[in-house]
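You will see chain A twice below: alongside chain B first, and alongside chain C after that.
Coming up: the complex of A and B.
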């Protein structure tokens, strides 16, 4: 497997521990991963590069995850977004789904759960491509 | 539970109201409501504790926000608990507020990232230190003690002088402000680090050791001398700073003093803590972004090993990790000159796989050795010419070293740099172990793990629950139910049908654990976490799919088992920062240290007092105990409430039970202070008591032959002290004709039963709760497990969390409900006897079967 055919994932979370744990776990599962703790950097990177899947927190210090995911969906509607957040309210969940979010995971979650969700998002992308 | 209780409360209110004294009647109802609320909060606190504890297993991704949120949720629950308890016992336990504020303050300080120097002892012996004390004893001490206590390897006897001692030394001498002032000048570039260090170090050396610290050190020396068979002590005194030997390797930054006489220890101590302010240590901290107020130096005092051979071991070749070798350097005498490069040493290259084949040996001429001087210090000695060119290590010694190194590496999930020594009696001692950084060179080896793992057959995946995260590879060891595990090979993967406390025995050897059956909150999880063994439980079929002796790789991250050894996967693990070494893990552990340790276990102990509570668990436990006592006092001993009758039950069994009757629960009361079973009209209470007093449950009548024989096979049978009512504890039941709320403390264990049996089938329920109180995790789990199994076999919906078992059953007809209450009585009586020493699961199974027979017999008679 080379980088060219790997599914590309961008992760944004302002807590380094989340990146530290998700990055290696996703790499190990065979994905190409870039991680960011600052919204501006993630946003800049997303303007330059295509990512198949974006995993983002919603509420971060000095940054609105909802805004980032809106940008992502506007620029690249085919990118699947998975929201991870510790402040799961019905309203935020509803709003994210309206914006076309693929799935919503409440923190803390198990590594297995996020990998499972990523796998499902990947399947959806593949179906869309063949359709 | 909340849903169950509220209607009951309404019902009690309604019931009590018409009795002519509405005010008092409502008051009792509200007291009882408060009591119920206390029980409910108690549950929620214990559940949250178990949930937070489970996050340490590594399978969850959590962040600081989670730690902060759940800690505050916990604090709110405990606060509410104290508030409710105050309503039950107004102004009686004011110390609780103070203890709460104190604990909560410490938690908030931890969450705010401020260091809380724990108010521990000044000095701690290695036998009582665990890895959790790293902030008290420093990295070096914590590692040494962990390697000794947890991994069972030999480490020099010794003790730690804690960071609290450091704080007290600084305070006693009034140094803090002066040193901060000097450091500030340095930080602002006004003076050089040399100048700052040159002022601070003599200042510290001029300080006086506070008398209390001096006494603590003398006491520790005395105990150490006892352990040393009263031979004269020679000490190695070393720095053990916080963070040293963990993510920042301050290798060589601080001082070590070798072969120090005990009478010089105070002086050595000051020299060591002064070395925290050597100019290179200061510069190093600045480079690493470690702030000066985080400096709190603990000191390690160890018995000096009179080494015949010493050396250093790297568990990987740092220049070429892919070569999969262990590298050992060894020389005659003490090891310090090898570390500093002052002598040439023999070098051995050994393959990492067992049986540790020696790939190369490079034997050099060793003309001198560093040796202990008879009084103090060390000097160079010539090596006997016959030994100069001889190999320093035998093959057996090399193998022993390699086994030890891999055990340590497995535990810390990281390649290791180990200093070791072999004494004149040929015993191996681990002097120090720290992380060896091989990451940058290891990266190419593991560049594409996913495609590598694709080449290996998957035996199974996504079966069962991960209880401890990690990767392991090794041969399968299939444990039979009666296996004594004596021949369990080091580094093998334990595969078994059920989890068992017996596995603790091989925890030091097992690279991984897989079971068919088991829960994420059972004792297995506790062991796996304690020893950091990658573990999956509840896979259903592992024992059928994995053949003994086959080499497998267990990925307890993605929940998969592969055939063969995938070294890339194992190494990938080394590339990550071990989760256990992350700040968040340590923060959660530190916060949990203020929450979960339970010291108040014995209600008869002198220290069972509000002011002795040092964790939220202590407070919770204390309130639970006292709430039962208060409700009993109010109603029985003082007769403060005459709208409710309270009587002591007269019974053949030594159960000090007070019954509070809220309506028609008791019959035709006499003026005497007691009632008999016959006078109990409460349906659920009566059924429960009948079960409790039934043959074979509580009774000490002769048991059936086979059971008696079984019991006598145990190392300790029913202890006689349990028949003594004083040890049985204060017990209380609030009853009516259709309702019972029963609180029993038997030994250190709490049982709570809340039940309603009335005309309407849909209202009927029984709720059972068992809370163990023994702090030793294995034993409480065995008992909880027995109760769990027995309830589950009898149609209860059961939940097991830590040592809390909750069973629920509802909506059965009255006669069936009565049977269930009878069964709960039998269960409480029977399980009370299980303080006997059970050594493994098969005995739990035997007890479960025996109890089953008891239940069957009762049904047929």
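Coming up: the complex of A and C.
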């Protein structure tokens, strides 16, 4: 599979250990992946390039993940966003869905769970494209 | 996050479900409410049919239905991530020896599975958690009464001792005033730190992180590592209390600290705690005392 047909995923999490685990797993599953630990860099990159799926943490140093989610949906409503958070609350879950996230995953989670979620998001994107 | 809630028909299971409902309201985790019907001898020609009748009748299936309703009642209907209860409460065999309640109609963002198996409770709970790749097993335990977990009072201890994932043993209903977390600063796993974060968020309780040291010479090194953990939490607007405890004083320290309501122990394969705290002492914590115990892995 070439990069041109691969689903493009941007991952933002300020914990390097999460990126180290998630990035290679998604690449191995056949996706084109870019990982960022700084919100400003992820935000800048998203302004330059289109991504099909964004996976973002919520509570990070420097940038509120909820702001990033808002930016993503404003610039590219078709991009599916998956929120991952280690500090889940009822309010953040509700707010995430109000802002149009595809799914909300509380940490910890197994790789299988997020890969399954990404696959479902990819299917939704494909359905939207053929509709 | 995937949570397996192991329940039976006794009151402590209601407390466990209550705790899970609060956690689920925050995390929108995929939940399995899971019961195990102990095997009974069936010695007739119609054994197979009788087995199904026995499995789907009686106090355990009834308890599963009740706990299911109680779990859902915690949520505001319009904002509930789970499907509503099915009006027709009946378990059907989906695989050999595995029974499930059909989901109610309506859109659901997250899975809430009601499942029952037949067999040895501890073994079936461990198998289910492994197959489902659960991140957390939650189960109740009555510290005042040796009975419960029908015919297998030691179920919580076996689960806590053998599960591959973290295990929360819920005791009586009480507020958690402080979360005391004993960890091995060298090898604490990322999922364990994340589980602690969710507990701190859930209980809005202060956090004490306990580092272990075995003599003065090591103290400075341990302090450095604890400082790293402290910075991790500060970056997330959590201000934990750090305490260093000599390994020789660990047992008495833990006995004192159970008064706060929730004690977390990192018992991963390489944890120093598995050596410092004999299994019998961990069993005692689970069996006795009214503090809930979170075994982190």
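As a convention for this text, the second predicted complex is superposed on the first by the 131 of 131 C-alpha atoms of A that agree within 3 Å, B and C clash if a C-alpha of one lies under 4 Å from a C-alpha of the other, contacts with A are read in each partner's own complex, and residues count from 1 in each chain.
Note that contacts are C-beta pairs under 8 Å (C-beta built on N, C-alpha and C of every residue); 3 or more make two chains touch, one makes a residue touch a chain.
Keep in mind it's a predicted model, so treat the numbers as computed, not measured.
In the superposition on chain A, A:114 contacts chain B only, with no contact to chain C. Looking at the shared chain after the overlay, A:30 reaches chain B, while chain C stays out of its contact range. Judged by the touch definition given at the top, the superposed model places A:77 against neither chain B nor chain C. Of the two partner chains, both chain B and chain C are touched by A:86. In the superposition on chain A, contact of A:22 is made with chain B only, not with chain C. Residues 15, 17-18, 21, 86, 107-110, 112 of chain A are contacted both by chain B in one complex and by chain C in the other. Contacts from chain B toward chain A in the complex involve residues 55, 59-66, 69, 448-451, 454, 462, 466, 469, 557-559, 569, 572, 575-577, 579, 582-584. For chain C in complex with chain A, the residues that touch the partner chain are 1-2, 25-30, 79, 81, 109, 133, 135, 190-195, 197-198, 200-201, 235-237. Across the complex, chain A meets chain B through its residues 1, 13, 15, 17-18, 20-22, 24-25, 27-31, 86, 107-112, 114-115. Across the interface of their complex, chain C is touched by residues 14-15, 17-18, 21, 59, 61, 86-90, 93-94, 97, 103-110, 112-113 of chain A.
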